[in-house]
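These are the structures, in structure tokens.
Below, chain A partners chain B and then partners chain C, in two separate complexes.
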Partner chain A sequence: MEENNPIIESGDEGRRNFLKKLGIFAGVGVAAAAGAVYVASDYEEKKNPEGKKVRVLTADGQLVEVPESELQKIEQEELDIEDELQRRGREGIAGKSWVMVIDLAKCRNARMCIAACQAAHQLRPEQYHINTLVMKDSEHSAPYYMPKPCYHCDNPPCVKVCPVNATFKRQDGIVLIDNLRCIGCRFCVAACPYSARIFNWFEPRDSEKYKDQPYDVELNVPQKKGTISKCLFSADRLRKGELPYCVSSCPNGVYWFGDMNEDVVVNGTTKEAARFSQLIKDNGGYTYLEELGTKPRVYYLPPKNRIFPAPGEEQVSSHS
Partner chain B sequence: MDNHLSLEESRQKLTQIENDLIRPLKSHNGFEMWVLFLLLLLILGFYAYYLQLRDGLGVTALRDYVQWGMYISNFVFFVATSLIGMLITSVLGLLRIPWITPLTRIAETIALAFAMFAGIVIIIDMGRPDRFPYLFLHGRLQSPILWDVTVVTTYVIISMLLLLIPMIPDAAILRRRMTDAPKWQQAIYKFLSANWIAVPEQYALIKKSIRVLAILIIPTALAIHTVTSWLFASTLRVGWDSTIFGPYFVSGAFVSGVAVVIIAMYFFRNNYKLHNYITDAHFNRMGQLLVLMCFIYLYFNLNEYFVPAYKMRKAEGHHLEALFTGNWAGIFWATQLGGLLIPMLLLIFKPFRKPLPAFIISVFVLVGAWFKRLLIVVPTQQHPYLPIQNVPENFITYKPTGVEIMLTILPMVGVLIVITIIAKLFPIVPIWETAHEQGVDESVIK
Partner chain C sequence: MSRKQVFFTFLLSGFVVFGYSQGAWVVPAADKAKKNPVASTAESIGKGKNLYNTHCKSCHGDPGKNNGLPLNPKPTDPASEQYQKNTDGEIFYKITNGRGAMPAFKATLPEQDRWHIINFVRSLSKKKVAENTSEPANQADTAQAPMIATETPSAQDTLMAEGKLRLALGFEEDSKTIYARAFRVKGGKTVPVSMVPVEIAVKRYFRDLRLSEAGTVTDENGYVSAIFPDDLPADTAGQVVIIARIPEAEQEQFSVAQVEVTKSWGVKLIPQNMKEARSLWNDNHKLPLWLLFSYLGAVAGVLVTFAYILSLIFKIYKIGKSSMNA
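Our next item is the complex of A and B:
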């Protein structure tokens, strides 16, 4: 998973291995981050130049060095994990502007993206954060497959209407949901013209199994009955410097994902990097229903020169 | 007022009016059966809500596409119907239309009951009703839901005042007359009579208060239904994305409101034997009012459906086809013709404005008004911009479940309970205003 890592510079791997070795708060990245903050501030006071140093990433994305001897384990009780997950989850990752490019010419409806997403987000089979649709724009135009995640609009109609700030736009462009806040009015579902949002009509899948897991707003798990869910651009994976679940599980090179500020996107299948602007320019990239003024962050490359057969006419379901 | 009576005649006249209007409060003919019926429905409704709380909103037919259904239609219907208080008491009252006097309390009672339960309907629709306080703790002012909560609350308060303030002289009369009523009931009369002694200063105060409230309630009432329409119009969805939704909803509100008042008039006139107070002339007038309201609403319907249908833009075309000739056509034409156009045409002719025909026509109008809200809320969601695919069949169709129907009826039962209580504790036709109108000297009304 390191090779398809376009976001974090070197040193990142070392940090993670180190934390694993120390056994700090197994598996919970937040403790590591908070620990790093604590240690980093402590280090500032003592200015101890001696001893082996390690690099750690602080909660605000700064890479700092601290002496190994200064690292201390933080007990779970000392730290309200959910609060910390909320804080950083609502803030987003500084300096990033995430963008996705979906190459419609490459999609053959393998649905691996959907499977990976549903597994990660504890969804039922009929619940989609991303769904691959068969599209046919007009009578004589050719049908094509169109994966449809949330478009993480820059003018999000869903965020506008939320009465309690349960869905929000972060500085890195991601639109998230806080299911500890959501009152289940479903105004956001009504407002989204792309049908990107779903609702937990019943007790979520395996809710008994996950009920003690602390709620991570960046992964929106555990899912909660009576609240909204939707595609999150895998904000939890981005924080770890990894590509989203759907992007890295596609076998056909459909997805490119990256940072608009750096103008770099990486293909989830081939790990090839490209200039975002060049990719859009060369291939006639567009956003879906942009005339609605929603400013989507998901771009499509048109389904031309396809390497797979188009969906058969008989499979096409109408718009009704 | 022009046929002013002497003090002695005034006392006699007042006593006669009191006797007529207070009598229904004392007779319990069939009352127990009615209350039993309401309680039974109430218990069924609470059981349905328990099931919904236990298993989630999935006990309804709502799914990810049709995700606002009967509950939200019901909410729109409730807010709509509550607007009648503003039309009768304020608009007609401020215009000094004389015949509304015996109808004001009916209208205000209906307004208050429907507005109160509109809020309950919304809570029934919430996925997390336990988080209702978040609306106040974490409210964001840019959400139309916050506007709705604000104006509906304001409307409930003003409507309550508009019911209670004109009740003050009547409460004083009841305090004097209902001496054999239970203690708690007498305490209510004592409290609501607010030391009424019928001096000119009190009359001046009460009339001024009513006038101020009657003016205040006009923008509030317009606001509640306009904002309710914006819950839809503020989205980018086909069928909702309309600039005329505000006046379209308000005009539709008056249709269902007038119909519900005619139904209530018919019921109270017959069951409370109020033929001398709610007369044929009142049905005639209200019938005319309903014609006017239907006509205005028809005009907005024409704009709302005909203009987009002329263009048949792609996504809108699918929506309109479903309404005109598709799976919604039956309900659509039944509502437009049976619940609006035909009632309007019939009511133009005077014989249909007699009490019984007016009552029957109003029932059709009211049922049509309810289904019209369903037609506004549901079909739009079956026609999103992107096709509905890879989901179970029941995500596309919408067939309300038993629990959902019970929970739609529950708030209606609530409305009937509130109206029943008010009409059992207080004369449904205001005594003092009626007496005043018949020339009774003001100083004896206490």
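Our next item is the complex of A and C:
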């Protein structure tokens, strides 16, 4: 008995296995059949009796007609694009350390930087990522115009206070905001000593028009109501090797932008390249409110030897 | 702006009559008679051209194209006849003091630079160059410097006529000097080409950093030289790419492929990823250690206190039980 048992057992096993396999096959078969029926019915459903065609624009800009029934949603791909934008947006560009130099002597309040910025970031006219302020430090000091972007501090108070990791600093020094994470608590607005951040209290400009656009964290578009926005150093342009929107649109040579690791900054107007360290040294460059320990990445050259009239002087000079 | 275009415009400007409605800009007689103390050398003209592009072009536009900004009064095209009618002294006075939308460059540009600009502006009109050279303001200066009016056309003519212009790079390792040479191969041997605007630059991300002085042209042996700054950062492999080429503004006229050479010069870049430092602003897993330990310590303290209280309650319970049994 003892010896026979295994045989009986194995026979039993064999039968069991056979039944199991049969079950699997049957299951697969049924599933396949069901799938086929589903696909067929789906096809029937999608097939448009009128043969209605839809015009679509292809990626290379051609207008083509496609039967409506052949249209497929690409939600998943869109999600993938967004994921990729998020990933590279969080990571930044390795080996770079962006820096901006603003020459206050050159600014005449042309406001082209503001216009270019607002156009790129879908901002309403009263929302500023960069603004030119009229400065007069004390009663007897000379007034001047001061473009004020985000300073992308190396010790950013705004990033420290974010409770949801929505705002972050990248390895190339840029401070960005992820509006998909932002909960609109505005702690960062309170923390920033430079008032660089704005809050989308209302529906952003053209929000209807751009609502299907995948969110690009490097461009902060489409803007979202109830979230924070601010200057991004045009992170999307830097990736392409282009100067930021404000820098390249300035008509007066105010902005210099470059990579501190290369020690070279480029003037947005004249496209002239200069040593960053030399420029700062020769012209007495400084950072704004550096005593706060925020370590800003934007340097100012003092408003010395102005070639354009200072604020409030325009009237006088035009009649001379 | 190429010289060819300037010449063309110069021809044109002879026929075009410019209508003007602005009030006369009166310059004091003493200033009007002022002579240009800077000789009109190729170097001076080159400097002047760069200064023009930096400070004047945004309003006055490209010389000869009459594409200045529509201001009132309209910024005059420096290649126009109306402009060239000014004496050097008048132009100098106008640049210095400005009027209306024209800023005063008194404080911004050194006198020398203003004269360089005037030399450049004059070079746009050959007639004026001839006039200027016939009565040089400073004979000591002009005597040793070659005149652009005689040099440029000949160099240009030879370029047009003969074989292809080429560029080459040479290096002196010890002094880190870079030489760029402009030459043509003619009958199996190289012939240097002078008066070719060549710049030596180092490759950078947005724009390349020019090492040679602005507006440099090749000398009689076809050379332009520049010194590599020792403290300039290289890439992470310790290498820099050095480029010799024709400046962008001159590329219409001289179509020469740029030459690139990789050198192991400069300071090797060790990029610092600031995300690796522990800081309050960094990602959660990069929080400062003091914060990590004080937080964990606080949590541990609370748990230990709870445990202690529970143990006390348990002790009381045991005492109560034993006293009930007793």
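Here is the rule we use: the second predicted complex is superposed on the first by the 234 of 320 C-alpha atoms of A that agree within 3 Å, B and C clash if a C-alpha of one lies under 4 Å from a C-alpha of the other, contacts with A are read in each partner's own complex, and residues count from 1 in each chain.
By our rule, contacts are C-beta pairs under 8 Å (C-beta built on N, C-alpha and C of every residue); 3 or more make two chains touch, one makes a residue touch a chain.
Here the structure is a predicted model, which means the values were calculated and not measured.
Annotation: superposed three-chain arrangement on chain A; chain B versus chain C shows no clash, the two fitting side by side. In the superposition on chain A, contact of A:N165 is made with both chain B and chain C. By the document's definition of touching, neither partner reaches A:A110: not chain B, not chain C. In the superposition on chain A, A:C185 contacts chain B only, with no contact to chain C. By the document's definition of touching, of the two partners only chain C reaches A:I307; chain B does not.
In the superposed model, A:K225 makes contact with chain B only, not with chain C.
Applying the stated contact rule after C-alpha superposition, one finds that A:I81 touches neither chain B nor chain C.
Of the two partner chains placed by superposition, A:L63 touches none, neither chain B nor chain C. For the pair chain B and chain C, the minimum alpha-carbon spacing after aligning on chain A is 6 Å. Residues 160, 165, 317-318, 320 of chain A are contacted both by chain B in one complex and by chain C in the other. Against chain C, in their complex, chain A makes its touches with residues 94-97, 154-156, 159-160, 165, 168-171, 173, 241-243, 251-253, 257-259, 261-264, 266, 269-275, 277, 305-309, 317-318, 320. Those residues of chain A lying in contact with chain B across their complex are 126-128, 131-135, 148, 157, 160-166, 181-187, 189-191, 193-195, 197-203, 225-227, 289, 292, 294, 317-320. Residues 53-55, 58, 98-101, 103-105, 107-108, 204-210, 229, 231-233, 236, 269, 271, 273-275, 279-284 of chain C touch chain A in their complex.
Those residues of chain B that touch chain A in the shared complex are 55-58, 62-65, 67-68, 122, 125-128, 131-132, 134-135, 138-140, 142-146, 149, 231-232, 234-237, 240, 314-315, 318, 322, 326, 381, 383-392, 395.
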